[in-house]
């Protein structure tokens, strides 16, 4: 609970508080912290994204809970936080990719795309009449033969990780990664490590229907979401 | 009742609260929760929408309480929440369908239309000088031979369901669906299940005049609202 | 009287309250509830509008208190609530009718006009920098040989009635209609029923100078306001 | 004095209070009620406007206190309330008259002009960023051989009177008119009645220097302000 | 000191208070009341403006304290209140004069110019996002052989006086004028009367360096500021 | 410290307080009063500007603390108050000078430039959405063979002085000038007087590194900043 | 913690407080004070920038924490404060450099670029609807054979230093520089001094992975970031 004297800084536009923080941005981060868990891991031969879809009802078509998005042939994204905000960011990302292809006749670099998105997010923290995005993204891709894995946040900060997590389960996932991450692991081992992180983050509440996996290989890089069968095979292999 | 310390977050534009929520969006959802009940059910051979029209006076022309709308040949919509807001969204949906036909000479995909509407709704939660929509939609249709049933909410979140409900009777309706939904049921059985859900949601207060049914079949898909006679026949068949 | 804790929701633009209501719209409805009474009745052969003009001073030219307006050849309107707001809406309605005649070379449908007005009213509840209209309209007309009688409210909700009332005397008028409305009645009987409703709503305080009657017949539909002589004749026939 | 709980409704733009009133409009009416008294009387053969100029200092050029304005050949206006606001409205009225002459090559109807002014005044009560006019007008003129006398108020309400008054002395003036108004009186008798009303409204404090009279006759209608000599002659004839 | 309950009306834009006053305008008048004294007197053969320059330091170049401005060949102005605001108004006045000369090839009438300035000042009391001018003007000139002397105030009210004063010494100056003003006096006597008024208003604290005199004669009208020598001669003649 | 009841007048845009003051302007003046001291002195044969640069750290390049600016060949400026604001004003001044040279092919008059800057400053006190400048300028130059020395303030007031000071040391500097200013002094004596004023204003804390001197001579007027050597020579000559 | 009575000055746009300060600017400075430490040192033969990257997790790719940026061939920048804001400023700086090359066919002067950036930052403290930048920059470069080292702050103030620091460790770093700075040192000694300052500022918590060094030499000036190997070599040489 915020004490009463801070109420003045929350209204209207994003302004500084006396200690130099932007409350609206901090609050937007809370929206991310309350989101479902998503993890990303760089393997020796590719990058992996895994998300917890947390289907609340069996009446829901799990396929409609989209948390991993293919952005361009060589880039995929996982999101956590406000669902509508994520979709708006994903749309913008896809347009940026197409602009790059039309303008330069080549795919956009993963880092260049990530910076463009973060510039846009920073703008929304500085100008009035609009609120920051309440969403974080993990951006996975391959540029010039290098695996890249970026994480954005509502302030427009951009960081690259070897392995990372966003959403409610981030602390648990990071603990797993800090203890067990191996940069020499191959994709399939990275997936198993990601499932372990997700298992820890969700207290074991996941199965083939609540897990979504996206992957891109270093060779012939093409981001794709795994089929239900592939996911099932990994979930089965996984021993918590 | 909201305690006093939250008042600051409700005003002016949609801003984040300290715990990362958008109050104006949460309040708009309350408008939906106070709306009349609408349910949607996917059958093996089509999709069904049923609404409770709750006619408050016999002087009212029941036909003027429109809660089910034909959007395009292959798409229908049921709404709950603020009536004026629903009409504004329906108008926008119809225009999107026509734009698609004019631009690509083919009907819009149900999912594409649903995303466009949700993108618009998300926008209204992010920019100042306008409030979110106080309405939810069930969007039923057939694309590429598949039955689709989407639910939108004021935040611009989009989910697909096998069977779902919106409005004041949602909890009661969902309980019925969770217990009895059968994906192999045919349209006529789906209608009877929907009536059961509505019966539970309205505590039995409905008859032929307060029920509106929309339906679209997988074969030769064309959304239509049922005539009073057809509705009457189903209401008669229905044994609570 | 509103308790103090709700004051925050009333200011600036039309925003949601924690329970999902739009206070500015609710308050605009209060302006309508404080307006003079107007009633509308569908007869077998036409539609009738009757208003109480409540002339407060004999120095006033009763003819200048205009509460019934001819909108187009086949459409008339009665208003209650803020007088200036009603005139603004009536002007807009007349323009819409002319646009339709110019664009399609035919009179606008009563329902189409009513929806256009309500769409406009809904807009004013959603965008900032403008307040909702503090007025309600009864829209009477004939389209394709059918009698139509619509009621609008400040939220942009549109309903069709067999018989209805707006303004301060609505509850009393509705009671009369619920007990005595007969869809098979002819125009002259409908007028007498309307006078009865108005008599009840005004506690008997009316005479030929304070009553204004508008009427449109199904055959050769042309809306017209009755002359003082015609009104006098009905007021005389009327036995409370 | 307004109680404290209403303060929230007075700020920023003109919004509804919980009981459906527009406080800024009500307050603008107070500006009118504190203005100098002006009266208008329809005679059998013309219309008369009389104002109290209340010259506060003998150093003031009484001619510079303009409260009666010729708008067009056939229309005159008397004002009460904020002086600057009145001049702004008078300027707008004159422009409307010229537009009509240029567009249709004929003088504007008195009622049409009055409605145009009121539409403008209503607009200022609905849109943000501007306050309502703090002035009321009496509009006197002759159209199609009929004498017309309209009264406007800050809400944009328009009413026609046989005889009426605005400003601080309205209650006293109306009392005189209600008791003694005679529609068959000729202009000169109407002027004497108007002086009586003004005498009552100002508690007898007027003389030839503080009274301004405007008049228009039914035959060969041309609005004119009376000369000091004519005013003096009527003031002399007048026996309180 | 304003009591606490009125604070709400002072903010943002110029709005009405419950008793129909525009506080921002009243407060702007206070800025005028705190300004230096300026007086204007109509003589039989011209108009005189005299101001108290109240030089606070001998290091100040008295010539840079400009309180009397030549606007056009036949018009001069004296100001009191906020110095920057006065200069902005004077600039506007000069432009209006040039526009008139270019458009009609003749000098603007003194009254027409005064009205244009007041219309502008009224505008600033009605629209949001700008404050009223905190300055009053005395406008002296000759049109069509007549001497004119107008006074403006922050509300846009325009009055013509035989003799008047603005600023902190207005009450004292008016008292002198009410007792001793003589419309038949010639310019030189009018100047002596003005000095007497200024002497009373400043409690005798003035000399040749703190007095500025502007004058325009009826014959061959050309407004000019008097030289130090001329001013000295009048100050010497003056016996308090 | 401002008492609590005045808080309402400080927000949003520059509005009048009940006693006719513009608080935002008064507060901007406080920013000037907290600035470093700058003095200007008119000599018989030129104008001198001297500023205290108050270098807080020996790591600072003293040359980067610019408080005296050459605006045009014949005009220089010294500033006190917010550094960023001063630079913005200086940029504007330089552009005005170039516009004049391009438009009229001659240097701008010192007074004309000063008025243009003050008009701009006044504007910022009247329109919303922008704050006043928190800076004051001393503008020194030669036009038509006359030495000019103007002082601006945040309200847009413009005054010309024989000798003056701005910033925190103004009271001390003015005291020196009032006692010792001699209009017949030559530039070098004026510099020594200025150093004395600065010495008094800074309580003796200055040396060759913290003093900046700008000077323009009446003959062949060209504003220039003195070299470190020249400054050193004067600082040595100076005996407190 | 700010006392309650100052809350009014923090909201909406950047306004003056009663004591002439701009709170939003002061608060933005707090964001800088909470940033990571960056130091800059002028050597005899070049300029050095050193930053503490404070990598919080070994999973982070240290290369993605960019605190030193090459702006143009001859200019580099180090930042502290909000990361997203810094990137926005860096983008703007790069564009300014390119504009200069395109317009004048030569590299921009270091001081000219620094002023352009500060002008932009000052603007954001004066206009409404946008907040100031929460970042400070050290701008290092060589123009016309001179080494330059500028420091900006959120108010748009620009200062040049011999050696300086920004961010949380500024006080500790400045203490080191004040005691040990030697303008005759060569680049490699300047780097060792900078490491000492950083060591003091971070309480010894740094190693080759958390230190980033940028350098530009006076001869053949080209700004470059040092390789990991070079950084390692200096870190090894450094004895605290």
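The letters A, B, C, D, E, F and G name the chains in turn, as written, and every chain counts its residues from 1.
The criterion applied here is as follows: a residue touches a chain if its C-beta (ideal position, glycine included) is under 8 Å from a C-beta of that chain, and two chains touch if they have at least 3 such contacts.
Bear in mind the structure is a predicted one, so any value in this text is a computation, not a measurement.
The angle of the rotation superposing chain B on chain E, based on CA atoms and rounded to the nearest 5, is 155 degrees.
Of all residue numbers used where chain C meets chain D, under half belong to both copies. The two sides are thus made of different residues. One simple way to say how far apart two chains are is to compare their mean CA positions; for chain A and chain B this gives 30 Å. Chain C and chain G, compared by their mean Cα positions, are separated by 68 Å. If you average the CA atoms of chain E and of chain G, the two centres end up 55 Å from each other. Touching two or more other chains at once are residues 8, 11-12, 128-129 of chain F. Within the complex, the chain A residues that touch chain B are 1-2, 4, 7-8, 10-12, 23-24, 27-34, 57-61, 63-65, 82-85, 87-88, 91, 128-134. For chain D in complex with chain C, the touching residues are 5, 8-9, 11-22, 115, 118-119, 121-123, 125-129, 150, 155-164, 174, 177-178, 181.
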